[in-house]
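What follows is subunit A paired twice: with subunit B in the first complex and subunit C in the second.
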Partner chain A sequence: MPSAAFVHLAGVFRSFMRMGIFDRIVLGTVVVVIVLALFGPLLAPYDSLRSDIVNAFQPPSAAHWFGTDQQGRDVLSRLLVGGQISLLSSVAIVALFALIGVIVATTATLGGRWVDQVLMRAVDVGLALPGMVLALGLAAALGPSVQSAIIALGLSGWPATARLLRTAMAETMAQPYIEGAKVLGVPKARLLLRHIWPNAKDVLVVQWTMDVGVTIVVLASLSFLGVGAQPPTPEWGAMLTEASGQIGTAWWTFAAPAATITVTAFAFGLLGEMLQMRDGQVEEGPL
Partner chain B sequence: MMRTGRTNFMQSRKALAAFVLLGELALAACPTAVLAQGKSILVVGQTGPLDTLDPLHADVSRTDNLNSGLYNTLITYDQDGRVVPQLASEWTLSPDVTSIDFTLRTDVKFHDGSPLTADDVVYTLERTKRLGQGVSSMLGNYKSATAIDAHHVRVDMTAPSTLMLGALTKIYILNSKLVQQNVGSDDGQAWLHSNEAGSGAYRFEVAQPDTTNVRMALFDDYWAPEAGRADIIIVKRMDGSATQSSALRAGSIDVATEISPRDVLSFQDQAGFTVARGKSSGGTYVYFNVDHGPTANVDLRRALQYAYDYQGDIDHIQVGSGSLTDGPLPPSTACRPTGETAKQDIAKAKELLAASGFQNLQLTMTYDPSFATMNAQAVLLQSNLRDIGIDLTLKPTTFPEYLAMLKSPETLPEMALVIDYTQYPDPGTMLSVNYTTAAIKQGASKTAYSNSEVDSLIAGAITNPDPEVRCDMYTKAQEHIRDDALSINLSYSSPPIVSGPKVGGIAYDIVHGPIDLSDLRLASN
Partner chain C sequence: MDIALYTLRRLGAAIFSTFALVALVFLITKLVPGDEAQVAAGRYASPEQVEAMRQKLGLTQPLIEQFFAYLARILQGDLGTSISTFQPVLTDLTTVIPATLELVVAAFLIDIAVAVPLAVLAAYRAGRPVDNALRVGAVLLNGIPAFGLALIAQHFLSEKLRLFPILGRLGDEFEVTRRTGMATIDSLLDGNVAAFSSAIGHLILPAIVLALPFAAITFRAMRVSLLAVMQSDFALVAKAKGVGLPRMVMRHLLPNASGPTVALLGIQIGWLFTVAILVENVFARSGIGTYLTQAVSQKDTFAVLGSVLFLGIIVTVANLAADLIIMITDPRIRSQHAGSADA
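Entry: the complex of A and B
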């Protein structure tokens, strides 16, 4: 008799096979990226940090599938190890600004008119500021590192989540059953946990999924500008910085991280859209 | 008829507009074409804005390069690092090294036709001191200048110093009467910003309003005429190695002064192109704080020196545009001790590290990541140190931040990767700034090194009028510095200059590097 886990897995597989080919590619790519990010350091064929300068700028070959960089380090190994840093950092950033956004939106929703007004104006100010410039300034002030980039992006990204969640929560709060629950004296905490947050959850999951993709690009941009990951950390954006002077002479050192960032960001963006369509938030287009 | 006439008029207006437009396009795209008119032209590509022509700012290489064609100095250095005459035909250092008497050439004319006199030298030096900017920092011991007669000048110093000779190779002599006619309220700075008052091989003709091009024409009455100079030199702003490489191949520039080591490789065996490399006047060094922290331990410093892959750096980072180091001073300077070139020896590094008593050591090194080569060297050193069990953290630091750290041994980084070079090839300049107790007190020492014997040797050399004794003292000081392992001398840099088929002779200039425009020559064919 099959175990419950097997039955569950079989159900997941059937759901996967029922998807269209396009959806399967997108989901498959995201799964592969996550698996590689989690186990990348174990899969890397070479030491990603050790310079082997004699083998600098080796083009792609059987020994080095993606070639070697200026220090003679295997580009594939660095991508695999760097995947963990790039992806987990992006998830951490999204989690940080999601947490701040949820706290702000919830306080605004339940805190009364004046609190709502003050917090939403703060959100407006946050949205009006150019996020990338703000993050760049914050990261530079904190000192260049991955941790600084995570804090900077987390602190500059929350207004969008707060605005979205506040709108979703306001719609839920206007429902007659919420009014009824209030009249019956249901505590605010119970209202939040049982009715308000669950109703906003789908919108947020879609948004956060897409945010992971965008954040990978933004994090790479901060590293590219020198305020994110520092040498020898193989974060994908830092790899682009190191390779930027060799596009003409050793294209693979630039092309490999650039393609990886593009594919990963694109896959997460499309996954977000897929979820959006499945939840019926937007009409499915001709695609 | 009216209609025909208007049509003709319209057509002629269109034709005129097209003609003007084509002309403007041609001017913009190819300034050399419209200037040609049978004259020989060389175009030099230079990185960065062509800020000013004022020789006061010749401490910046962009300005220095422009000035090298327009002006002359009293004396200069030859490629072997010897002081040789230019506007001064002779000079005598006083026995107590507190003054220098110069005899000026009598055949020198400024570009307006007026002759060079001692008053011009006095005015130039006094103006430089008065304004206190740019090259004035090199006139540390300058006291005054006195015109003895029309062609003799005495320069007095506040303290004995042979460094004044080297400093004067960076001071371009101005036509004092011309500057005084345009002196304004800022000692002629605004006027000299976009005009010149020199006696050089070329006279300034015009700069484009956006100063992307500076054009100069051969001066017919130049005091040192030589065959082969181009009639016109255009210095054209062109940033980046890739842009200069493409322009050189396309023939829109004749000399590229900023070409990356990898781009140079593509020109090396290509017919019609010449790659020139001169003696290096600088290099990349990791300076240790020898006063504070773990790097105060000499065994550790030696271990770090042996850990670095010098040959790998030269072969794969410098890609032939650098050379192995053999001492603290770059090859352009005179009076260097003979010694072994730096070499990696991991076994010896581990042995010295064990002798130092440090285990699981963590060190921090400041570096400026905006320099690609420096970035690669920092990462290579980090990896090499990892091989002997040292964890090196790289700390990005801008140059102003680094200068602020020099204030005291307490704030000095334990390791700092810097590009260091000499403005002129006198060994005393780098030695006195980097390795003396006086430099610590001035907040300028990169090592916090204090050794009374070295202090005495350097001070003695600077104040000694005998070149041979001086050289001997400088050599001994460098031997002490080398033995005390004050830095990892990663590599000497030899920036290449690449020239096209129109150029006949070119050399890296050790004083006005990358090139002295008056030394540019046309190809003989």
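Entry: the complex of A and C
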């Protein structure tokens, strides 16, 4: 229904206007970053891969806002195209481990004592292992590429989500209304969708938002170690790695991706904290 | 008795974790595209060498037998042979690990030394500009990729200002006897003061860079628990009785606020090793991180997986140690676990 959608949008707008200036900046940054990442390739003024050696290492100018790199490629265009790779890959990674985590936690909650014990011990083990190191090994074994990094990080990140959701679901399961719903003969699927998950979702949304920010940094780190995106892919971490020897000579090739990664990760981190405060999960925010 | 029981359970969990780790790494070896024997023997191995490797790894056996053979080899310390150094991977690792250990321990100490005093300062000035500036700084530090921070620090502090050496672990002019493999301790054991100060000079910047993102997290956790403790009744009474600031902080606030932070520090050890991989590469400190990335670029898959396994075991042992230390120092945890063990 269009009118309902409109009312909802108006509500979103009103709550945006009620926010403090700081919250607006954070939310605005996240929205801008997401839009730029989604439509980056359309907005990029130049081809992100075409080299133009004659124009290598041009400092920032009107023609090249963020300058050009060692092959004369436009840094801004590469950042815009790379946004899709960096941000969407991070979202895909978080989505993958979130899905696994939700399945594990739900199975543990509904599966009875033994299933629960086994799965939660597995979660303990998963949490104790160095996830990024395992991801590094897996990505190296699969052959270095963005896809390998996505699979590796997606498969190694789930224990935290599973633990968090299991705890939230256990709290919910102890509520009298769940007992009531069970007595009334509500089917398991409906119990889950209507009564259990909605109560656990706030904690998870906060966690996943923060995870996207962290994952962008981890993905960039894997590129730096040589198991993630390979040149000439304009993934932000790969760009930073390619520019690592040029801080002194062509600072913009390094500063642009470094600042982009930091601002994006920072914005997602703060958005998570903001959501956390809104939900009343903590008394006090980061600022 | 209770302590013994808890220790035993924790030890069991650690052994189980290690077993799971070995199983995971084994599964990863099965995911390597192409002929595993060829990968283990190296690109330039002759067909006979590949065949010998196939027999040695037991690749003609069923999967489950392969796994137990793998487990047996691991228990004997056989992590395979590196196809670029032609040495057993374990020998390579024991050569490089002390350098990493040195870096991680230094970073861990800096982490605490920076975070705790700043947390006390921020808690006492809660809501004031100092507090706000520290908190913004802490959030910002966590968004910078560690290797980016390392590259920036290296460029400005080492190359431009020449405050620190740029690369390596020890000045080229020094020669120390290898005892522990840690440049700082070996130079001390040699009684070579000049070499020692060179080793410290090489260590300090990488350690600070490694420590800072962790110090940001420790700072935030410590600040929150300090604020909670400061509002408690006993803190108020102590204040009303006129306890001085140093005694207040050292005797009343820190011991009572440190619980969550100590647990956090235990978790950080594993992450410190992970991020050390990045920092080592920037500063060319030959440790397990540089070994690992070299192995990745050489497609030396078994050296990579050997390092992963080795790091995983170190982290498991570190977590175990941290948990036991927490148990010994915090009577509340001790009684809590004693309680749950009875139930």
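Basically, the second predicted complex is superposed on the first by the 274 of 287 C-alpha atoms of A that agree within 3 Å, B and C clash if a C-alpha of one lies under 4 Å from a C-alpha of the other, contacts with A are read in each partner's own complex, and residues count from 1 in each chain.
What we mean here is this: a residue touches a chain if its C-beta (ideal position, glycine included) is under 8 Å from a C-beta of that chain, and two chains touch if they have at least 3 such contacts.
Only a predicted model underlies this, so the values are computations on that prediction, with no experimental measurement involved.
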(request) Answer with first, second, both or neither: which of subunit B and subunit C does A:248 touch in the superposed model? (result) both
(message) Taking the superposition on A as described, I'd like to know which of subunit B and subunit C A:240 touches: first, second, both or neither.
(response) second
(message) Contact-wise, after the overlay, does A:226 reach subunit B, subunit C, both or neither (first, second, both, neither)?
(response) both
(message) By residue count, which of the two partners contacts subunit A more extensively, subunit B or subunit C?
(response) C
(request) Would you sort A:144 into first (subunit B), second (subunit C), both or neither based on which partner it touches? (result) both
(request) Considering only the touch criterion stated at the top, classify A:180 as touching first (subunit B), second (subunit C), both, or neither. (result) neither
(request) For A:121, decide between first (touching subunit B), second (touching subunit C), both and neither. (result) second
(request) Could you look at A:72 and tell me whether it touches subunit B, subunit C, both or neither (first, second, both, neither)? (result) first
(message) Just checking: does A:136 make contact with subunit B only, subunit C only, both, or neither of them? Give me first, second, both or neither.
(response) second
(message) Quick check on the superposed pair: does A:269 touch subunit B, subunit C, both, or neither? Answer first, second, both or neither.
(response) second
(message) Does any part of subunit A touch subunit B in one structure and subunit C in the other, and if so which residues?
(response) 144, 226, 248
(request) Under the touch definition given earlier, write down the residues of subunit C that touch subunit A in their complex. (result) 13, 16-17, 20-21, 24-25, 28-29, 31-33, 132, 135-136, 138-140, 142-148, 151-152, 155, 159-160, 220, 224, 270-271, 273-274, 277-278, 281-282, 292-293, 295-297, 301, 304-305, 307-308, 311-312, 315-316, 319
(request) Could you please specify the touching residues of subunit A with respect to subunit B in the complex? (result) 49-51, 53-54, 56-57, 70-72, 144, 226, 230-232, 242, 245-246, 248-249
(request) Within their complex, state which residues of subunit A touch subunit C. (result) 121-122, 124-125, 128-130, 132-134, 136-138, 140-144, 213, 217, 220-221, 224-227, 237, 240-241, 244, 247-248, 254, 258, 261-266, 269-270, 273, 284, 286-287
(message) Quick check: in the complex, which residue numbers of subunit B touch subunit A?
(response) 242, 260, 262-263, 309, 312-313, 315-317, 369-370, 372, 375-376, 378-380, 382-384, 386-387, 394, 396
